[in-house]
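Got a structure for you, written out below as structure tokens; questions coming shortly.
Letters A, B, C, D, E and F mark the chains in the order given here, with residues in each chain numbered from 1 onward.
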Amino acid sequence: MRVVTFGEAMIRLSPPNFLRLEQTNILDITVGGGELNVAIALSRLSLDTEWVSALPKNPLGYLIRNKAREHGVETKNIYWNENARAGLYFLEFGAAPRASNVLYDRANSAISQIKPGEIDWNSIFQNCDLFHVSGITPALSDNAAEVTWEAVQAAKKSGCQVSYDLNYRGKLWSPEKAKAIQTPLMSCVDILITTEEDTEVVFDIKEDTYEKVAEKLAEVFNFKVVTITLRETPSVWKNTWTAIAYADGKIYRDNVYDVEVVDRVGSGDSYSAGFIYGYLKEGVQAGVRYGNVLSALKHSNPGDFNWSTLPEVERLLKNRGLRITR
Amino acid sequence: MRVVTFGEAMIRLSPPNFLRLEQTNILDITVGGGELNVAIALSRLSLDTEWVSALPKNPLGYLIRNKAREHGVETKNIYWNENARAGLYFLEFGAAPRASNVLYDRANSAISQIKPGEIDWNSIFQNCDLFHVSGITPALSDNAAEVTWEAVQAAKKSGCQVSYDLNYRGKLWSPEKAKAIQTPLMSCVDILITTEEDTEVVFDIKEDTYEKVAEKLAEVFNFKVVTITLRETPSVWKNTWTAIAYADGKIYRDNVYDVEVVDRVGSGDSYSAGFIYGYLKEGVQAGVRYGNVLSALKHSNPGDFNWSTLPEVERLLKNRGLRITR
Amino acid sequence: MRVVTFGEAMIRLSPPNFLRLEQTNILDITVGGGELNVAIALSRLSLDTEWVSALPKNPLGYLIRNKAREHGVETKNIYWNENARAGLYFLEFGAAPRASNVLYDRANSAISQIKPGEIDWNSIFQNCDLFHVSGITPALSDNAAEVTWEAVQAAKKSGCQVSYDLNYRGKLWSPEKAKAIQTPLMSCVDILITTEEDTEVVFDIKEDTYEKVAEKLAEVFNFKVVTITLRETPSVWKNTWTAIAYADGKIYRDNVYDVEVVDRVGSGDSYSAGFIYGYLKEGVQAGVRYGNVLSALKHSNPGDFNWSTLPEVERLLKNRGLRITR
Amino acid sequence: MRVVTFGEAMIRLSPPNFLRLEQTNILDITVGGGELNVAIALSRLSLDTEWVSALPKNPLGYLIRNKAREHGVETKNIYWNENARAGLYFLEFGAAPRASNVLYDRANSAISQIKPGEIDWNSIFQNCDLFHVSGITPALSDNAAEVTWEAVQAAKKSGCQVSYDLNYRGKLWSPEKAKAIQTPLMSCVDILITTEEDTEVVFDIKEDTYEKVAEKLAEVFNFKVVTITLRETPSVWKNTWTAIAYADGKIYRDNVYDVEVVDRVGSGDSYSAGFIYGYLKEGVQAGVRYGNVLSALKHSNPGDFNWSTLPEVERLLKNRGLRITR
Amino acid sequence: MRVVTFGEAMIRLSPPNFLRLEQTNILDITVGGGELNVAIALSRLSLDTEWVSALPKNPLGYLIRNKAREHGVETKNIYWNENARAGLYFLEFGAAPRASNVLYDRANSAISQIKPGEIDWNSIFQNCDLFHVSGITPALSDNAAEVTWEAVQAAKKSGCQVSYDLNYRGKLWSPEKAKAIQTPLMSCVDILITTEEDTEVVFDIKEDTYEKVAEKLAEVFNFKVVTITLRETPSVWKNTWTAIAYADGKIYRDNVYDVEVVDRVGSGDSYSAGFIYGYLKEGVQAGVRYGNVLSALKHSNPGDFNWSTLPEVERLLKNRGLRITR
Amino acid sequence: MRVVTFGEAMIRLSPPNFLRLEQTNILDITVGGGELNVAIALSRLSLDTEWVSALPKNPLGYLIRNKAREHGVETKNIYWNENARAGLYFLEFGAAPRASNVLYDRANSAISQIKPGEIDWNSIFQNCDLFHVSGITPALSDNAAEVTWEAVQAAKKSGCQVSYDLNYRGKLWSPEKAKAIQTPLMSCVDILITTEEDTEVVFDIKEDTYEKVAEKLAEVFNFKVVTITLRETPSVWKNTWTAIAYADGKIYRDNVYDVEVVDRVGSGDSYSAGFIYGYLKEGVQAGVRYGNVLSALKHSNPGDFNWSTLPEVERLLKNRGLRITR
């Protein structure tokens, strides 16, 4: 099975050991970005994956591409820009009552300068089962929004399913613009992945329960599947995670996972990847189960990426405990 | 508003990653000391601050001064000693049931050799709103005790308020000496910051509740304000923190904070700083609130210093949750 | 008092900061192995100890020996092999729901190639109070099993007590082989240290309660003492630990310790060491108490070794809290 | 004596241990920028210094300011910009035949967005002995060029001397633009610091010897002093450094220093600082001598800054050898 | 153009900062192996490359594969072995008069257990321009030698050229065995890459000059090209490097490079890669020039791999100096 | 053969990567001290060694003892002091023209508080071939000087030879005191190890050549052997090292070694150790040869200790080159 994703990946710079940015003299450098995170997680579960993006033609751009390749993600349709810069973000890790904190420095990155027509979507979507993109991509620039529009249309036309992670970023656009740009996109989307909060901010949909939110979204936009993730944050180092899905008039549920948080960035993307994997292999219920387990596991991995392997995921689904195997 | 503090700051050497001292081959080097910690926290909240001290004229002395300057604390009244050494302390981080542990190597440090008359307190206290010192300074040597006595008298005379953190250190002096030396000092103190335990050890004051302890202290020593901090340590990595204050015949209370502990050293000093800030700006109730939030935040910062900024503190007082803002 | 142990120690390589092996570019290198861990813990409690083993004559072998010597363990009866390799193991630290994970690379290590007759057990057991070995040693190779058999017989003959930690390793041998090889060994054992799980796997002994398991084991094999350790793992970072013992028809119990887990590898060995220490000094009840406290403390030390000192252990037995002493 | 400088300082990110950017997962984070480097070096030699700049109102901006303050440089005239970003640069350390390499990411930084009139130069130049700026500042943006023009005029008017480090950066502007913008500036400059190469590129001045270049520059622009630095790079890790000056019709020379290169970035700025120090204290010959020794010492300090102290500089000028003093 | 290589890659573990193995508690973990090093260097110069090998199905095997993929090397023909181990080597960095030192732990690695027929060479060599292998591969085991023999024959048959780096490893086999196994292989080799020392040890060929050695080798084995590399080691940190080639009755020469040595491991492989690149693009003279520059650059890169890019190589060939470009 | 040494060992704290003390936030922690360095080097060459000293009864004292034990040095005659502190020294690594620099903080260390009669020298010198001490020990305090005097007399009486490294430390005592205290000690010394500079400072002996200095010393003090070491420091990173000896009316010479300097601290002690080893095994010529090679090798080891093994030393004496053996 083959999945294509499209979006930005950034250089991520984070002080080690809970140091503040003002305080550190070392930064851990990794790479992350919603759609790349999804592609990598899926590649590690043994699907064929491709990540489409734009990058600057400099060592930071190469670094980002290299990390995608390291996990077996195809990178041949990256648009290389001589003049643009790599998006960056700085991440401080917190401890209760101080939340973790992100400082973005992503303006004028290569993907924000991408132009309609630059990506040959038709050839990319040959033999593709699913295309995944998040609400971050159209938020990056008007050009990026247009190219996202090209992408979902081409995906639809080629017969490949489209999953969309709503993922509202208040630092990138207003709720109004998010709604205006994304409403048309929704017409090409089969699977919507979102949270109650984002749904309310972007689409003004608020219901008593998240089950009803899912149902309402499916009704309004005619999605095949809506899946809603639910995190609780009693502290910074200990969270709970679960998700539900609505499809064919039914609600699908799963366990709530207690997670010890090494690094929660990218855990939503891991849910997306797990959902896509399970859904493509066995349907909605499996989607929720693989999504949750992959997201839970992600919290234990430093960096945006999910370093789990398929056997590890399968073993946890069979519910092995927390002892060391030897 | 301008606050002056007086006391020792030491080089702090701590093994990373919970290693024992015998085990490590790397030490993290930072700087800390009660009154410097207070000055830095207040400077970061945008007060004018000065830290008065004595330091050896060598790279370790410069390092300590540099760290004060880094946060905007005035250091022009440091007494430089060619022959003295820098105080040091070694800190091991623990995990339940092993408590964190401190090994001091501070004998014969520059400040312990300071001589009465060496500091020009009268000029220092011009335009000063509050002078802060802790019970560690007079404990360092007889000379240091005399200079502390000079300081509080000069502060009083210049019309600046005096806050005093009792902070009993059993490794530095006996309860008897602590009582004998500090009882006269108390006559110049407006605000006493302490704990039930220290009050009992130093002043033999023990009551059923800490509210009564505060009241009793105020009565005996005629303090304007007494504030008592309360830490619970169900484990090494998770504590709770709160404080109360007594003033004008009333008890002031605040939330109890659950804190995930990165580094608790200096959190009492952060309480002092927050109390001073809130108190000078808005009175006793604000003192307790700012004191608690600053102390709670400190637990998340490696090193003795509090790296919070005023907007972060204000945001937490408005009770934002533990999610990453993006 | 003098204790001798016999077994393999390996080079241990672990990624820092919860990184996965695929992800890291740094490995922490330490040394560990059940019987060396026991000897070191006992040496730090001030017993005379010797560790008998085989090592390759190369820097990795020297490194392992050096670490034993660092803690005062006698190493003069190490058999140096020019051609063998050092056993290695890779350890990934987890976070719930991902358990920590071990990858062994210990085949063909020096000790697996040891030959019967190579070790002069009779001279080693002169003036020896107790000999300790675990079920890992005979599992390493048929040769190692034979030499273990030589050892326990010689120990018995020389009048020194024998403690045996059953410690079943499914990656090294089958339950059937473990039973076949170890059953005769048990005839020389005075003190069996084990868990309910291992007892069931190796000896097919399963009872309603672990008290009954202990009693049954004592009955079947005629042990002087059986002690059973009990870990609960509500999460990866927080466990509970306790143990019971059965001797002379009585059950001995102790507190349950809540432990914050820095590194749990070697905590079973710390129990063995603590039990041996307490037992040799004051009998079974003390054995359980020292075993538990030493095991609980171990969880706070990175690496396989227990870096506690006797005063620290005594202080915790007197139940001091988790505050920093200063 | 008091010196003011004006220019950008950036966050500098460099892989440790000669790693390439594509290869590293750690970056050392420091701060650097020509005019800040000069101010810091002078402050450490005990002059009063102020650094004027613009910074973003975020942790990266605070970090840059903090580092200036750490060395005692006054920072009260920094213009804080809520919307701009911090300039960044990435530095790879080389080894022959691979030169060290810099990747800039400084577009749209706070200082490039500074506006004419935003800085109150007249009050800044009260009681100022010398104003220093380099050719990098006007190259950053048209606005920055205009503000530089304001600055040198105001300095001139206030009677403070102006030193100017030509410092041509081909990645920031063309030779033509550099000439057009800087030629008027030169009318306010007393001391020009440059190299043969830059002189040729910017002003088309090329002579047989650098002595003649200096003379020619003084003649054409009517400078009081021209000083030319000379680096030779037989390898990446070993360079030689010296400089000459021309003033009052005379050439001033000094030793050639052999330098082992830990980090050569900022060594030209150290020359400027040393020249300014020596010149203000004792005249041109001392300027060259202090400039050279400070530059030579800089090569041994990681980061852009010069961490030398005045006694160290004086000692080296008296030519102590390379033995450890004990 | 497409190049295939075949050989082992190992986990490489090296202490940082010139520490000895006995002394370190951190190891840098990278990956290296002659033929992988060649494939990676060529991939970075933009050729299509594939690396054929065998790896254990565990995280260390995945790590090795990942690093190949990171640089764009095709890894689909890796044979995954459930039971084998990853080869390891430990590297200590020296300083004169202590040479760097390697400790191998590669016995029983996956590739040594590869079996004839397991690799489908015919399909691999479709559209392949050159196959590269070194004398290390057949030295690993008799099986590996047989599979090497299969490979060169299949390459030859498919019309793809064969380059062979003689690379004698005395720790893996005797000169006699090396000669016996490799003599038949030579009949399929077009390009021999070697040193005077190895030629003498393996083939007993010794002449007055290396030019004559090259000529003699070409004559005896009927090679199209023989290229001989020449390193001088006046110290550990500073070497010189050059090479010559003999082809069509002519000697081809190039510059001698002075290299500052960060890490010389893999520089011979970089020569092979550069030679192959230049030779395939422009012939023997270009082969020597690209080989030398790539090898010289390698010495500046930590790890076995060459992180140079094509533009960097081209720039150095045009002889830019050692200054920082900005 | 058995060698005993007596002296202080300190905790050594040094910034990595050429950072200045003011600049670092990490310190490498190791242990060093002349006589311990000698004992460790000899133990690694397989002699029986014991180090006699005094240490504080705290983790820093244990750490120092552990490092001695790690190398197999006997530590049973360490005097443990509950109240004293561990000596410390801070070391900054330089690069030309900045020399490396040491900052001592050793006042009031345990050994300076040792009392005459506390060490049972007579039992220590049973079966001892040589006692080694340096001029640092008597410089530490009057008590330490007296105990040194006890030691050399007891050594002499027991028939064990005495070697003495003059090692003048200007930061510890004046030339006059050094002469007054050490002149009597010389009557018990068989082998004097020194430099021309120290000889002149302490004993006012200055001759045209160091050969004559050696002869003169032997004549004045009636030494069996005088050996003089000669370091040249063309730069910080590259030195030369050699030594000569005078005995029985003859001068013994050896090669001059070019050394690349990782860390030169302790290289004089390595010379002492090598000289002692060679001298005890084969006489004065061997002493010079082993002394030089061990000192040359030391420069490549981080920390004060020499991590060479006997085979490495022997190999270098047979003059193997700087290539990697594989």
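Methods note: a residue touches a chain if its C-beta (ideal position, glycine included) is under 8 Å from a C-beta of that chain, and two chains touch if they have at least 3 such contacts.
Only a predicted model underlies this, so the values are computations on that prediction, with no experimental measurement involved.
J.: Starting at subunit A, what is the smallest number of hops through touching chains needed to reach subunit F?
T.: Tracing touching chains, the least step count from subunit A to subunit F comes to 2.
J.: Could you run down the chains that neighbour subunit B and subunit E together?
T.: Both-contact set = A, C, D, F.
J.: On a C-alpha centroid basis, what's the spacing between subunit E and subunit F, in Å?
T.: So the centre of subunit E lies 45 Å away from the centre of subunit F.
J.: When the centre of a chain is set as the mean of its C-alpha atoms, what distance in Å lies between subunit C and subunit D?
T.: Distance between chain centres, rounded to whole Å: 61 Å.
J.: Quick check: what residues of subunit D touch more than one other chain, meaning two or more?
T.: 20, 22, 25, 62, 66
J.: Which of line, ring, star, complete and other names the graph you get from chains that touch?
T.: Per interface graph, the chains form some other shape.
J.: Got a list of which chains touch which?
T.: Listed by label, chains in contact pair as A-B, A-C, A-D, A-E, B-C, B-D, B-F, C-E, C-F, D-E, D-F, E-F.
J.: Which residues of subunit C touch subunit A once you look at their complex with the stated criterion?
T.: Per the touch definition, subunit C meets subunit A at residues 17-20, 22-23, 94-102, 104, 169-171, 233, 235-237, 264-265.
J.: If we count contacts the way the header does, which residues on subunit D are in touch with subunit A in the complex?
T.: Touch residues, subunit D against subunit A: 13, 20-22, 24-30, 58-60, 62-63, 66, 85-86, 88, 90, 92, 103, 105, 107-108.
J.: Residues of subunit C touching subunit F in their complex?
T.: Listed in rising order, the residues of subunit C that touch subunit F are 62, 66-67, 69-72, 309.
J.: Okay, in this complex, where on subunit D does subunit F touch?
T.: Those residues of subunit D that touch subunit F are 16, 238, 257-262, 293, 296-297, 299-303, 307-308, 312, 316, 320-326.
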